[in-house]
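Think of it as A, B and C in the order they're written, each chain with its own count starting at 1.
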Amino acid sequence: MKFRAMLLALSALAALASAPVRADDAKPYAGQAITVLLPPWGTLPKTMTDRFHAATGIDVTIQTLGWDDIHAKILTSMVAGSAPADVTEVDWSWVGQFGSAGWYLPLQDKIDAKVIEDVASSKIFRADGKLIGMPYSNDFRVLIVNKALLAKAGVAAPPTTMDELLAAARAVKAKASVAYPIALPLSPSEGTATAWYLLTKAFGGDLFSADNKPLFTTPDSAGYKALAWEIGALKDGLIDPASTGLTDVQVQEFFKNGQAAIDLAGWVGNLAVYNDAGKSKVAGDAVAALMPSAVGKSRSFGLPEALGVPANSQHQGAAVAFIAWWMQPENQIEAYNTLGDLPTSTAVLKTLNEQGKLASGSVLLQQIPTVEPLFANGTPGWYPQFSSAASGAINQAAKGQLTVAQAVAQIAKEAKQAMSQ
Amino acid sequence: MALALPIIVTMGALVFYPLAVTLWDSLHRVDPMRPGTPFIGLRHYIDLVADENVRQATWNTLVYVAIAVLLETVGGVAAALLLSSVKHGRKWLLAAVVLPWALPPVVNALVWLWIYNPSYGVLNALARTAGLIADNQVWFNDRPAALVLIALVHVWRMLPLTAVIVLAALQSVPGELYEAAWIDGAGPVRSFFSVTLPLISGGLAIALTQSTVFAFNLFDEAWILNGTSRDTRTLLVQVYMSAFQNLHFSYGMALSALVMFVSLAVSLFYILRIQRTTEFG
Amino acid sequence: MRRFAHPAWWLRLVGVALLLLWSLGPIYWAVVSSFTLPTDLTVRELHLLPPHPTLMHYQNLLGAVSSFQGVVTQSVWPLFSRALLNSTVTALASTVVTVAIAALGGYAFARMRFPGRRALFGLVIATMAIPAYTVMIPLYRLLVALRLVDTYVGITLIYVSAFLPLALWLMRSIYETMPRSLEEAAWLDGAGRLHTLLRVVLPIASPGLIAAAILTFLSAWGQFMVPLVFSPTLRTKPLTVLIPEFVTKNYVDYGLMNAAGVLAILPPLLLVAFLNRYLVSGLMAGAGK
């Protein structure tokens, strides 16, 4: 009983503390409260959330979930007809699924057209011409290496081919006393699948043909070679065996602690975090390099993430205000510096680079032209199921339960199943 | 009659009606992302049998059931015997034994997840200190080890239930029978097998039923400890994935209907056995 | 009295020690970890007590500000407190409704004769053998249609339908073992059926009621899969769903994970420690039949 009295007292206190503010013209949504559902790299620092509240009078509560759990959470909520939050993460890979279901508020008339144009990746978030999300993170993949560890191992320059990458890793293992130099996730999670897609491109191939036929099933195909490369590196002791239980954000911790020298499917935004002495033990040593390639042409792909407003949110105006606020240059910059979310505004990127504040800026600008979307015609609705099957098979191959041949065959089979259902 | 009405309405609306819908819908294609629900007959069931995911999940679930029932029964009986032979402080010992069962299963799984952590977990630390392993092991890379470890967490949670049920049964065994056995020269082991075991068989059967059904329903432990990994996925995890990640509702329903029949068959087997035992008792 | 088939006293001592270690060891470890500094958690040596005890994890959960990967973020207390409220409300509501229906219905099944009584009872008990997921998906669609997803009413209804059979079974066994003489005496005095039930029978059956209440409360408090599907937002999300979310979000903050787990353990722990007698008698009564 005392416990409940305490609870009541606390809630009374909370109610008193959040007395409504009178809305005025400059702050049309003042007094409203919105919830925002984002992955861990959306956990805005208190200074930013306080600033938003001061600017708009809106109370914002940020809920963060692991990325892989957000998708299921949004699905179960939207199918039940209730909005999981007023603003949610909208990943590039969900556009096909969400767009066709009409779950998100079209933003093209609600956000300033100039802002939309300035953000190049907003194209990816159009479904049937409707803009269902404004990109906040311009993630694409690049090779990130710890130049100090490489130097200690006698490797002068970052590797440019897949064989050089293996050689560099072996050198670091032997001479820089790093047990497992390559950080690569191998658990059944999205990070594992996207890393494999990236390596497929590094071997000069693609996942699917134009008519959605799997291109990775034969031993001479790029996808096959990529998976074989991963398993080989694992067997050679270059990747931590515990990676089969780790997601991408967890293996990035290895890099931050100096326990890995190569972040193979590096998130470009992470360069800011890796070089922040308050968050990483290898600050100053993390540099980006072009994605290595087995065929001489570096390729990468983009995995942008956006902020969207569920159509049945009760606070649509305030939610859109939050998105517009995030798009402001100073907020994009602060999100970059504290959380590693690479700004999506082209103007901001240019400014940062000119000021020398874009970590490894010259490499990034070189890589950007090679960044393609994974699916040229838009992400299909069957992608989430396919991706989950891919990471599951990779995980089993890493544990030795499947051979590479069996794994790619299984992925192809499940892809067909996903496409037909 | 009026007193029983709320029960009939509640159970009818929330259990029997959905059950009927499950069976009916499993014969159609029900997909919230696609319009229409056409009748497709037994196609889902045919697909299920061919689905490799379902086969693996079935195998995993059966392994869990076998391990769980075995360990819970043996451990539970041992714990119950111990409890009934302790006089001082039995109340506190009982509280300690019951605690794992009372906690939210999800929290149990998290606690054990930390214990099993390859780099910093106490399992590896203890095993290394005891000299059993040379270096930290990644337990979940080895499929049999993963299955056993997950089953172990489930056993940790459910063993108290068996222990309490058997303890209750033990209390009802008259002391004179033990005296008689002792006079006849039986030692503790013989007296256990000829006096105790037959008389607690009713309680044991109930405990076995409970263990089996709960093990069939294993979700939390497999989900938290190893996510969607195919090598430890249970049938219930597979249903959840089909329905709520891939949004193929009717497929998930067909699977759950199939499993229900199997689990009902097993329970029926035990219940009939109890009937026969109590008929004599 | 089992004076005759006694294992040696030291054997019993070893047994008790093992049993305690097995039952309480993991919980002890979680508590220790929740008070340990992050730097002390990531070492290879084993420490049975925290080398430098700290309250930082609990502060992150319950304090005015929280921290994430070295960044100071807004407090997670609103999330935590709301989840705690949700857990409490749904568990209490389910318990009250379940026990009320079981108390009345169990009486009907035990004392009153109406057609199909045994078959109906058997059917209700049989639902215990139906696995939760068989009904979960249509139940989900039913509640979606009734717009009861993510509401206290919806969750309570589901819990009641899940826990009612056991509570009913329990109450019926208790009523059946009670002598009818008390009730007959009350009827002779002119008391009505319902009055008899409330004033005469229930007070005597109260240990059973308490046991049923505790069992239901603990089962409802520990639910995970049902709220995972039916409570997607903080409106009704319970602690058991929120805490794994902390895990996936703070993927390397082991101290925080353990602290959150310890907080979720507290209410059931208190219940077991202090109301242990009723809980066990409830389990045993249910097992006896």
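Here is the rule we use: a residue touches a chain if its C-beta (ideal position, glycine included) is under 8 Å from a C-beta of that chain, and two chains touch if they have at least 3 such contacts.
Quick caveat: nothing in here was measured; it's all calculated off a predicted structure.
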(message) Is the chain-to-chain touch network here best called a line, a ring, a star, complete, or other?
(response) complete
(message) Can you tell me which chain lies farthest from chain C, using the average of the Cα atoms as each chain's centre?
(response) A
(message) Counting only Cα atoms for the centres, state how far chain B is from chain C in Å.
(response) 17
(request) Provide the C-alpha centroid distance between chain A and chain C, rounded to the nearest whole angstrom. (result) 38
(request) Check each residue of chain C and list the ones that touch at least two other chains. (result) 229, 247
(request) Specify, in ascending order, the residues of chain B that touch 2 or more different other chains. (result) 119, 244
(message) By the touch rule stated above, which residues of chain A touch at least two different other chains?
(response) 76, 79
(request) Spell out the part of chain A that touches chain B in their complex, as residue ranges. (result) 71-72, 75-76, 79, 97, 100-101, 187-189, 241-242, 244-245, 381, 384-385, 388, 392, 395-396, 398-401, 410, 413, 418, 421
(request) Write out the stretch or stretches of chain C touching chain B in their complex. (result) 1-7, 12, 15-16, 19-20, 22-24, 26-27, 29-30, 33, 41-46, 101, 104-105, 107-109, 112, 114, 120, 123-124, 127-139, 141-142, 157-158, 160-161, 164-165, 168, 218, 221-225, 229, 239-241, 243-244, 247, 254, 257-258, 261, 264-265, 268-269, 271-273, 276-277, 279-280, 283-284, 287-288
(request) Going by the contact rule at the top, pick out the chain C residues touching chain A in the complex. (result) 65, 68-74, 78-79, 81, 84-85, 88, 140, 143-144, 147, 149-150, 229, 232-234, 245, 247-252
(request) Sort out for me which residues of chain B touch chain C in the complex. (result) 1, 3-4, 6-8, 10-11, 13-19, 21-22, 25, 78-79, 82, 84-86, 91, 93-100, 102-108, 110-115, 117, 119-120, 122, 125-126, 129, 156, 160-161, 164-165, 167-169, 171-172, 175, 178-179, 181-182, 186-188, 191-192, 203, 206-207, 213, 216-217, 219-220, 224, 236, 239-240, 243-244, 249, 252-253, 256-257, 259-260, 263-264, 267-268
(request) Show which residues of chain A lie in contact with chain C when the two form their complex. (result) 4, 7, 10-11, 14, 35, 40, 43-47, 49, 61-66, 68-69, 73, 76-77, 79-85, 247, 249-250, 253, 278-279, 338-339
